[in-house]
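After this come two complexes, each holding subunit A, first together with subunit B and then together with subunit C.
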Partner chain A sequence: MNESSPLVRLRDVHKRYGGVRALQGATLSAVGGEVHGLLGPNGSGKSTLGKVLAGSVRPDRADIAIAGSAVQIGSPRAAAKLGVSAVYQQLSLVEELSVSHNLVLGQEPGRVGFLSDRAAKAKARPILERLGPALGDVQADQPVRDLTPGQQQLVEIGKALLREPRILILDEATASLHRDQVQVVFDVVRELKEDGVCVLFVSHRLDEIMELCDRATILRSGETVAETVIDTVSPEEIVRLMVGDVQTVEREQEEPAEGPVRLAVRELSGKGLSDVAFEARAGEIVGLGGLQGQGQSELLSALFGATANSGSVSVDGRPVRLASPRSAAARGIALVPGDRGSQGTLPARPILENLTVASMRKRASFGFLRAARERAASQRMVDELSIKVGGLAEPVSSLSGGNAQKVVFGKWLLNEPDVILLDDPTKGVDIGAKSEIYRIIRGLARAGTTVIINSSEDRELVTLCDRVLVMFEGDIRAEIRGSEITEERLVQAALRIGEGTHGETTAESAT
Partner chain B sequence: MTATDKAREIEERTAFFDRVKGIRVASWATGLLLAAAAVVAAVLQPNLLTPYGVSSTFATFLPLVLVAVAQSFVVIGGGLDLSAGAIVALSSVVAVQAMRGEEGTALIGFLAAVGTGFACGAVNGLIVSRLRLQPLIATFATASVFSGLALFVLPTPGGTVPAAMTETFRQAIAGVPVSLLLVVAVAIGWLALRKLRVFRYIRASGGNPAAAYASLVPVAGARFASYAICGAVCGLAAVAVLGNSGSGDPFIGGDLALNSIAAVVIGGIALRGGIGSPIGAIAGAITLSLASTILFSVGLPTSWRALATGLVVILALSLSALGAPRRQR
Partner chain C sequence: MNNLRRVVRDPLVIAALIAIALVVAGGIVSPGFASPDQIVNMLRVASFLGLIAIGQTLVVLSGGEGIDLSVGTVATLGAILASRTMAGDNAMLIPGVLLALVVAAAIGVTNGLGIVFLKIPPFVMTLGMLGVVSGLILVVTGGVADGRAAPALVHLVNGRLFFGIPGILIVWAALAVLVTLLLRRTTFGRQLYATGAGREAARLSGVPVNRVLITTYTLSSVFAALGGIAMVGYSQQVFLNLANDLTLPSIAAVIIGGTLVAGGVGGYLGSAIGAIVLTVLTSLLTTLSMPEWARIVVQGAVLIALLAVYGRQRRLRS
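Our next item is the complex of A and B:
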């Protein structure tokens, strides 16, 4: 190991997605023969940093050196040439192909353009044997579609190993694995380390980081804030490094909402959800916290009737049929979706139409719309929410992100909802518009509306919420109330909640 | 307890919809339909089984069989080629003009047809893989261009084809008609070439383009190749058309493209890509052709052919949907 010239060195990495700065000057330096953790809270840019190295995200600016020489990595192919392989939680397998064909995909053995199945199997065999204890009875010529998610994840890992990388990125690669399977992968990682491979390990699971990693780089808001040697720090210190010495976020909550129970959810199960139950009062702002992708968005779309689910939901004591967004809207539930572009707006249509589309029925007489009423309704929203528009006839695509998001709010406010579901409502919105959206949300709560909000920013939950439900693997695992809601508490709850229950709910039969 | 039961029920329900979305005709359904069509056709038209019957039947089937195989490469690669029929028309008239009816030019005609087809396919491939236009729209547009060019090359049906080309078609080798042998040759040709790297890449790109790209598969190249190969095979189909009809016709492409898509579906190739094999496309094409033979022999007008095509497609899909075993997970 030579500290002076690390195997991987990333400096000054910048990446913007629209208005969001995913990375702003992040750095990373790791040597061969170490397992290097990449840590950070939601949205800190750790995955993006890994993807820059793997060639699947093109940075706006970056200074990358591998084994001391400066390189450009423009594609996964370029990364592979440099000996970089990556495994993500999101699989890159072709379901129609067999296990061995997937393992050798992109580097099939063969002669003059003809492929040899026998050579492919021979090439795949050592990997299958190495991962055998975790794979169970998987056969080389079995189609990948027949495998369990955990087995597929292992094939994905095998695929990266087969390329014999110098640098291996494991990005949440163990999330869908059972505890025993994780141990097999860890053993493989330790062997790679012995052979001088540099393993970059991105994980939300603090216990895995503590067990496997030698050192760790900690990111916050797209910047590298610390590099630590794992043996010398405690989990608590790591959490503190991730959250940072934040100034206490101003909480504007006067006193907890005392209204009657408005929204009651029982035994709600379905895609990504298991047996969720909670209640929310009129005028209460309830946040959904935890690691990203633990069922928060799924819960919101389930409450809105957009996905098939079982269980019971009631508003003001009256049951809601979870059949379609229309039946949910009829009971006064509204959803402001996270993805403005695809679900929230009709970008090419005028602002007026976008504002009125969900509530037209209320104002129409015998199915005919009155232009004057429509105009009055949309103008009222533009004024109330202070949406900066050139004219109501202009398309929504002419607006900035913040103003477009206000249009989405206005669309649902015209329906005068009792329960409003917000899925990451300020994603990609600038700070000024953000505080105006917060003002709108608080105004809604004061008027007695129940607000359920999912956010990719813990700070947002601290600012807004009366109560935060911490989700893990499709279920609510903890609840934080009132003044106890701090960023540190949220990160801690999110990270430590999974300890000891690893793989329990993703457990799958070994067959 | 009831909650988990219900959750399971919902899981099964969503699994069902997933299946419907990725639905394709099962290979047993393809086989069943092919066998049924063959039996019915043979019963209704006994002379179909005479050497002459087989020879002329397969001679008329061969163009669709080839276009279906061509289409299968594109569809497995996740695309669609609406211009396949127009490519056949253009390739055939270019070949007719290249041969000018003179003897001994059959090879020139053959190369002209395949070359033209390949060039047209390459144009499609470039538009889809480099300009990234929707295959449906891109090939719909190029279909018009190719048809227009065909009219430019040969404004009215006519021209003659060297006897070598037409007679080969009517001959028999050891009692087996050449047209049947050619269909078998197409199948064997595929079996011999299927291990080519490019076909694996086409399949991977059609099955999951993002995964293929991340696995260092040249996705754009594979896509280009699928259209180019499709074009070249359409050129072969043009030769079959010429051998069968003996003269050039710029309007020959008509229904070929849509029929080839129907054949591919009947043959068990999923339109979303990645699944199926050209062998299925051959079976699908023969089934479709037999279906119209049957209609003809019961005295229904040929304009009803489209109806038969539609019914066979629906029958094949619903057979598979009803008979498919639940996927085990």
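Our next item is the complex of A and C:
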């Protein structure tokens, strides 16, 4: 490998999202004719780094060179001109258009603005033949909407191949594929490698990385911590590199909750969930671990009745009908949702209304509100949670992320919930506010509330939880308790779970 | 200083200043325009639009591109049903008004159900309803409008009840206070603002979003019918297109009043001032004997100019 002039070289890449540093000085260097893995725990910035190269994320600062010459990549179009193509798990297909039209989308053959169906098909044919073994009986003129998710993912890959990239980014592009389909994609990747293409491979499946990649760059908290040659390391060493020599996170050593079972979930199925069952005690903090997007948010939404689902849930032994958030709230369930701006707060409305909206009916008489009571209730929350506000009449949009999140907590605390569901409650929150939110969560548990928390940071689960349920593909696959909860165990559990069952749970007819 | 600047930039204050400026300008151009009599008369005419704009305000506040294009025809239908029932007889006044309000409520519930459960965009749903109601009017009247307002209704609108103030203005003022209380001091009001400011966040806070929306569209039709009934008290005779032309002004009044088009922010007081601005503007242009087309152009231009001014201060976020 010619280390002096890599095909891709990213250095000193910085990207902030609000108060969160997604990338802080990450580097990456890969040559033509190699498959280069990009690895890291949840929130380490591996996807963001790929997107910087693909032009879909604008870095705050970056030093990018392709084939030795410095470049600026301001848009996906600019990236395409430089020969960079990217495939993500989220598809960019137009469902109503045919397979061949999707493949040539953006580079349609034709004359003076008129499209030629025949030329489009001819252009798409070689790609379809190449992916044929995996695509099964897909026809070029079939609308993409009729394809299985796996087949659609393959079309997406085909679309990138058609652009004949010098650099191909595959970001979790195999996640929805069946094992046989993955092998076809791997064959294609190996051919590309022979042709001198540089493939950047982002996957959460460690076995795929081990099988396909030549080298790998490992990221942690937005920084590159190692670059390794895959043949020389063991999977265990890779996990250790991903987690790092972390100083053991200070765990608040409290007695494990011995209260009665408060929340019982049986056979809960729905969007992104299959047959989830677990119990949680009063005063217990239960974490939802695993790789991101394995059904953690969906589980919380389902428990709150926000999405359609089947199964049975009971609180303190009494069954809860999960028909709507309203009925869940009436049974003492609360949700701090993942997206503060659109789900947690009403940004344009005053802080007072945001704090009182979920509980005002309790204080109202015949539908009429008493201004003094409402003000007293919201002032109590502002004091208890030490929310820094200018005035209760100011809109929530005037608050910082941490204080806005405290308002969401306050809204539910006024309802005195028995079960509180937290979906990544400290996302985009600065360190100071984070520890105050931890204090609020511990206070809730001490008062007997059952806390179920999903987090994009493993460290957060280690800090807070009595127990972590590790999720994979919509189900709970493992459980880690008490002092066994460490970052290393969490990463290991998350990565290892997929190996044995790979492909089986997403089985679909590929032939 | 800062406070003063904030007050001057408040849409409500801007709209009120415009209304006063228009009256003063009218008084200069044509003596008698700003006379107490003339002002009372303009307010009387403004009240019909003002009543219809109550419902429109609630609908725009409810967000989700909330708009009710059926208010004009619903007002006309309400006026026709009420005046045919009363047929110039005081004894039938109450039954006539009740019939009109009940039918209007049924229309509003239908709008709400279509928007909530069939997920039809409000623009399309209420546009369709406009057509349906126009047809209903033809069925009910057979193409001939022959209702007459009860004398008591005429007296309420055209007479001067207290110290020279027409009763309809007192009704309007009372309803303005009630609606403002509804918005600010009841759970329904808070839920309406929440629904408009962020539908998903409202739903996840336990707000019965569907119920709020259906109630809102129902209230919109009911207030529209009320406006139509007031109008027939003014004209005494009913016409087949009595209030049809008030739909767009009712939306304009809400916007002039500073209610956020995206929903969730605003109130009725502004819409009431907006209704007055539009009415005074129309009579000023009439006094200047501007041709019809020029009046329409000026009204449209004023609306766009005001929106541009408001839009500068706060982004029309959705």
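Throughout what follows, the second predicted complex is superposed on the first by the 507 of 511 C-alpha atoms of A that agree within 3 Å, B and C clash if a C-alpha of one lies under 4 Å from a C-alpha of the other, contacts with A are read in each partner's own complex, and residues count from 1 in each chain.
Quick note on the criterion: a residue touches a chain if its C-beta (ideal position, glycine included) is under 8 Å from a C-beta of that chain, and two chains touch if they have at least 3 such contacts.
The shown structure was predicted, so the numbers you read here are calculated from the model rather than taken from an experiment.
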Original post:
Is A:G344 contacted by the first partner subunit B, the second partner subunit C, both or neither?
Top reply: second
Original post:
Of the partners subunit B and subunit C, which touch A:A329 in the superposed model: first, second, both, neither?
Top reply: second
**OP:** Using the touch definition from the top, say if A:F368 reaches subunit B (first), subunit C (second), both or neither.
**Re:** second
Original post:
Regarding the shared-chain residue A:L93, is it in contact with subunit B (first), subunit C (second), both, or neither?
Top reply: first
Original post:
Given the touch rule stated above, what does A:D275 touch, subunit B (first), subunit C (second), both, or neither?
Top reply: first
**OP:** Scan A:V357 for contacts with subunit B and subunit C and give back first, second, both or neither.
**Re:** second
Original post:
Thinking of the overlay built on chain A, is A:G293 touched by subunit B (first), by subunit C (second), by both, or by neither?
Top reply: neither
**OP:** Quick one: which bits of subunit A touch subunit C in the complex? Just the residue numbers, please.
**Re:** 304, 306, 324-326, 329-330, 335, 337, 342-349, 353, 356-358, 360-361, 364, 367-369, 371, 411
Original post:
Given the complex with subunit A, which residues does subunit B contribute to the contact?
Top reply: 3-4, 6-7, 9-10, 13-14, 195-198, 200, 203-204, 207-208, 210-217, 274-275, 328-329
**OP:** Note which residues of subunit A are touching subunit B in the complex, please.
**Re:** 56, 76-77, 80, 91-97, 101, 105-108, 110, 113-117, 146, 148, 159, 267, 269-271, 274-275, 308-311
**OP:** Quick one: which bits of subunit C touch subunit A in the complex? Just the residue numbers, please.
**Re:** 185-188, 190-191, 193-194, 197-198, 200-208, 260, 264-265, 317
